[in-house]
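Following this message is one structure expressed as C-alpha cells.
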Amino acid sequence: MHHVVLERWSRGRSIIHRRDPRAKLATLLVFLVVLATAHHNLVWLSLALLAFLSAAVIAAGLPLAGVLARAGIVLPFSAVFAAVSWLAGDPGRAVALLLKSYLSALAVLVAVSTTPLPALIRGLEMTGAPRFLLMVAQFLYRYLFVISEEAQHMTKAAASRGATARSLAGSRSRFRAAAGALAVLFARSYGRAEDIHRAMLARGFEGSFRTLGALDFRGSDACFAALASLLLILTRVAIERAG
Amino acid sequence: MPPLVEVRNLRFRYDDGTPALNGVDFRLEAGESVALLGANGSGKTTFVLHLNGLLTGQGSVEVCGLPVDKPNLAAIRNKVGLVFQDSESQLFMPTVLEDVAFGLLNRGMNAHEASERAKAALDTVGMAAAAARAPYHLSAGEKKRVAIAGVLTMEPEILVLDEPTTFLDPPGQRALAELLCHLPQAKILVTHDIPFAHAMCTRAVFFENGIIAAAGPVEEIVTRFGWEFALERRKLSR
Amino acid sequence: MHIPDGFLATPVWATLDAAALPATGLIVRRAQREFEEARIPLLGVMGAFVFAAQMINFPVGIGTSGHLVGGALLAFTLGPAAASVVMAAILTIQALVFQDGGILALGPNVVNMAIAGVMAGYLPFYLWGGGRWRKLSIFAGGTLSVLVSAILALAELLISGVKMPGAVLGVSLALFVVSGLLEGGITLAVIQALESIQPGFIRKPAAGRSFALGAVSVGAVLLAAVGVLFASAAPDGIERLGRETGIAAHARTLLATPLSGYQVTFLHSTFLHSSWAGKAGAGLAGLALIYIACLAIGRAVARHRSV
C-alpha cells in the first residue's frame, strides 16, 4: 500500500534523508514555483527537472522506477483535462498540464519519501504553520489506517450479508444500511477519541502537548537548500534564454 | 506500612443512572499481584478507572496514603500505571519513542533526558529497536510492551493492566507473563484469562453486580464461581 | 475536486495561497476557542473518520454508487470552525502523503473545500436547523458544500485558461449538481442514523430564524458562486455588457459588472500593466464576496433576531 511503502522509504539514512525537513521543504517550494511559472521551452525544462529529481531519488537510495511510477497517480486526472484541451485546439496546454502535474507530484513524492511524516510536520510547525492544525493532521494520520480498517471490516461484513441486491428497493435499504454503518463508525471513532483522552490523562497530560525536540538546522542543510535552489533557478533561466 | 491501595465502600453510577459499583472494598499491599475476575459488565474496568481518578465515585479511594482528589491527581497518576485494554488508543503519538516519553515530558522533563529514559524503558521491555517506528505497524504483543514501557517511565508503584492478554496469541501471552514477572511493582490484573491469572497472581477477587462477591486464592475463586472452562466433549451439553 | 499543481495560473494560485494563509490562521484561532488542546485528538480522529468514510459506498440505483465528502457532516457535528480545520488537515495529508491535490494548489483547495465549502454547507443549518425545516437544511447544507466547492474549483480553472468547451462545462455542472444532491442525501441519512444512536453528537442551532431571510441568503451565496463562474468563463463579455448597459455602479449581478469596470481601469493603468492583476482581482473579489455575504448574512440574521 502506498503509505506503507512511503513510510519504509522515508526511514532511510541517505544524505538526502538526513537533511533538515525545512531545507527539503524550501527546495520543494522553489522547484514547484520554478515549474509552475514556466511557459517557454517547457519540454526541455521538464527533462532537466526530471533529471534533477531522478538524481535525488538515486542519491536517496530509493528505487527509481518505483518512485517514477508512483508519481503517475496524478496522471488519470490530468489526462482528462489534457484531452479536453487538445480537442479544444490547445495542444500546448494539454502537454503543459501533463508535464507540470506529473513533475510536481514527483517532487512532492521525493520530498515525502525522504522525510518521515512526523519530522515533516515538525518542520512545517517550525516555519510558522499553525500548530493546532498540524497536530490535528498528525493525529489524523496516526488513526487514518486504524479507522480505515474498521470501515473495511464493516463493509465486508455488510457485503457478506448479501448486500448485492439489484432492485431499486434493495438500493434504498442498502443506502440506509450504509448510512447506519457510517453512524456506527462515527460513534466508534468518537469513543476511541475518549479512550485516547483517558490514556492522555492517565500519563499526566496537563493541557498542552510537549514534543521531543527541535530539529537541528545545520550548515549542510543551508548549503543543500541554497545549492539546489540555485541550480533549479539557473536551469530555468538558461532554458528560457535558450528558446 | 500503609497499603498501596485502600478502597472503602466505593459506589458509582453512570450518567444514565445505571449503578456500576455498589460498595466495593479493596486492599492492595506492596508486592502483591491480584486478579480481578468477573463477568463482562460486572464493574471491573469501572473500578480500576477510579484508582487514578479517571472516574470519581462516592466512598473513599486512597493510593499510597493519598486520597484520590483533584490536588493529588498528578502524584497519583505517577504512582498508578494504567495499561488499557486497547493499546491502539494508548499509543497515540506518531512514533514509539515519542509515546513512551509522553509521560516524562508532561512532568516537565527536558527533551534529551526524556528521550534517554524512554529508550531505557523500551530496552526493559525489549522494544528498543522500534523507537522510530509508527505504533500502527506493530503487532498486538509489541504494542502492549510499548504501552507498558510508556507506563514504566513514570516509575509507578502499582501496575494496573486491563485485560492485557486480549489480542495476544499464546507465545505473546507467555512473553507478557515473563515480562511482568520481572517487574517489581504490585500488580492488579483485570482478566478473563484464567491460566494467566493463575500464573501471575497470588490472589483473586470476584466482581459480581458491582461488588466484590468473594476473595481468595485464584484456584478457589475460579472453582467456586465455575469460571474454569475445561474443553471436554462429553461434558458440553448438546 | 482536488486541483493538482500545474493547472492554475500563477496569479490564481498565488492570490489564493496568500488569501488562505490569514484565513486559515483566523479559523484556527476560532476553533481553538471551542476546542482546547486536549481535544485535538478528537478532531484528528474525526478527520480520519471522514477519510475512511469516503470508502463506504452508497448505492444510488442500478450499478452506481456515491460516497460522502464530509464537510457538511463535520460542520453539523463539530461546528464550522473546527470542521474547516479538520478539512484543511485532511487536504494537507492528502496532498503530502497521497499526492492528491497540489502543494501550491493547497491554498485554492483549502479555500474551496475547507473554507467556502464548509461555510456554505453550514449556512442553511445555521439559519433553519433549529426549526421545522431542519431536515431540509441538513440536505441543503450537504448539497451546497459540494456544489460551492466544485463551482469555485471550476472557476479557478477557467480563470487560469484551462479550456472547457460549452458542452463539457454543461456536463461538469450537471455532474456537480448530482454530486451535491448525493452529498445532501448521504449527509441527511447519516445525521438521522446518528441521532438514533446519540442525539448529543449533532449541534443545535437557535430556532426561529426567518425563512425568507434565509432563502435570500442561500440564494445570494449561490448567485455569488455562479457569478464567479461566469466572470471567469467570459470576463470580456461581461465587461462589454457592463459598459453597454451602463449599470457598472449597480450591484445587479453580484460581482461581474462592478469588477468589469475595475478590469478596464487596471488595463489602462501604468501601475499594473497586465490584465492578470485584474483577473486575479476578479477571482479574489468573488471569493471575498462569498465570505462577506456569509458573514453579513449571519450578522443580519442575528440582528434581525434580537430586534
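A few notes on this one:
Note that the chains take the letters A, B and C in the order they are written out, and that residue 1 is the start of every chain.
By definition in this document, contacts are C-beta pairs under 8 Å (C-beta built on N, C-alpha and C of every residue); 3 or more make two chains touch, one makes a residue touch a chain.
Worth saying up front: this structure is predicted, and the values here are computed from it rather than measured.
With centres computed from Cα atoms alone, the innermost chain of the structure is A.
Distance from the centre of chain B peaks at C, each centre being the average of the chain's Cα atoms. Centroid to centroid, with C-alpha atoms defining each point, chain A and chain C lie 23 Å apart.
Work out the mean CA point of chain A and of chain B, and you get 39 Å between them. Rounded to whole angstrom, the centroid-to-centroid distance between chain B and chain C, based on C-alpha atoms, equals 48 Å.
Among the residues of chain A, those touching two or more other chains are numbered 117, 138-139, 141-142, 146, 192, 196, 200, 205. In chain B, the residues that reach two or more other chains under the touch definition are 92.
Counting partners per residue, chain C has 41 as the residues that reach two or more other chains.
By the touch criterion given at the top, residues 4-7, 10, 13, 24-25, 28, 31-32, 36-49, 51-53, 55-62, 68, 77, 85-86, 88-90, 92-93, 95-100, 102-104, 157, 161-165, 168, 185-186, 189-190, 192-194, 196-198, 201 of chain C touch chain A in their complex.
Residues of chain A that touch chain C in their complex: 2-3, 6, 28-29, 32-33, 35-37, 70-71, 73-74, 77-78, 81, 84-85, 87-90, 93, 96-97, 99-101, 103-105, 108-109, 112, 117, 120, 130, 132-133, 135-144, 146-148, 150-152, 154-155, 166, 168, 170-171, 174-176, 178-187, 189-190, 192-193, 196-197, 200, 205, 207-209.
By the touch criterion stated above, chain A contacts chain B in their complex at residues 4, 7, 11, 116-118, 121, 138-139, 141-142, 145-146, 192, 195-196, 198-206, 210-214.
Interface residues of chain B facing chain A in the complex, by the touch rule stated above, are 49, 52, 54, 74, 77-78, 80, 82, 84, 86, 88-90, 92-95, 97-98, 101-103, 105-107, 111-112, 114-115, 132, 134-137, 150-151, 154.
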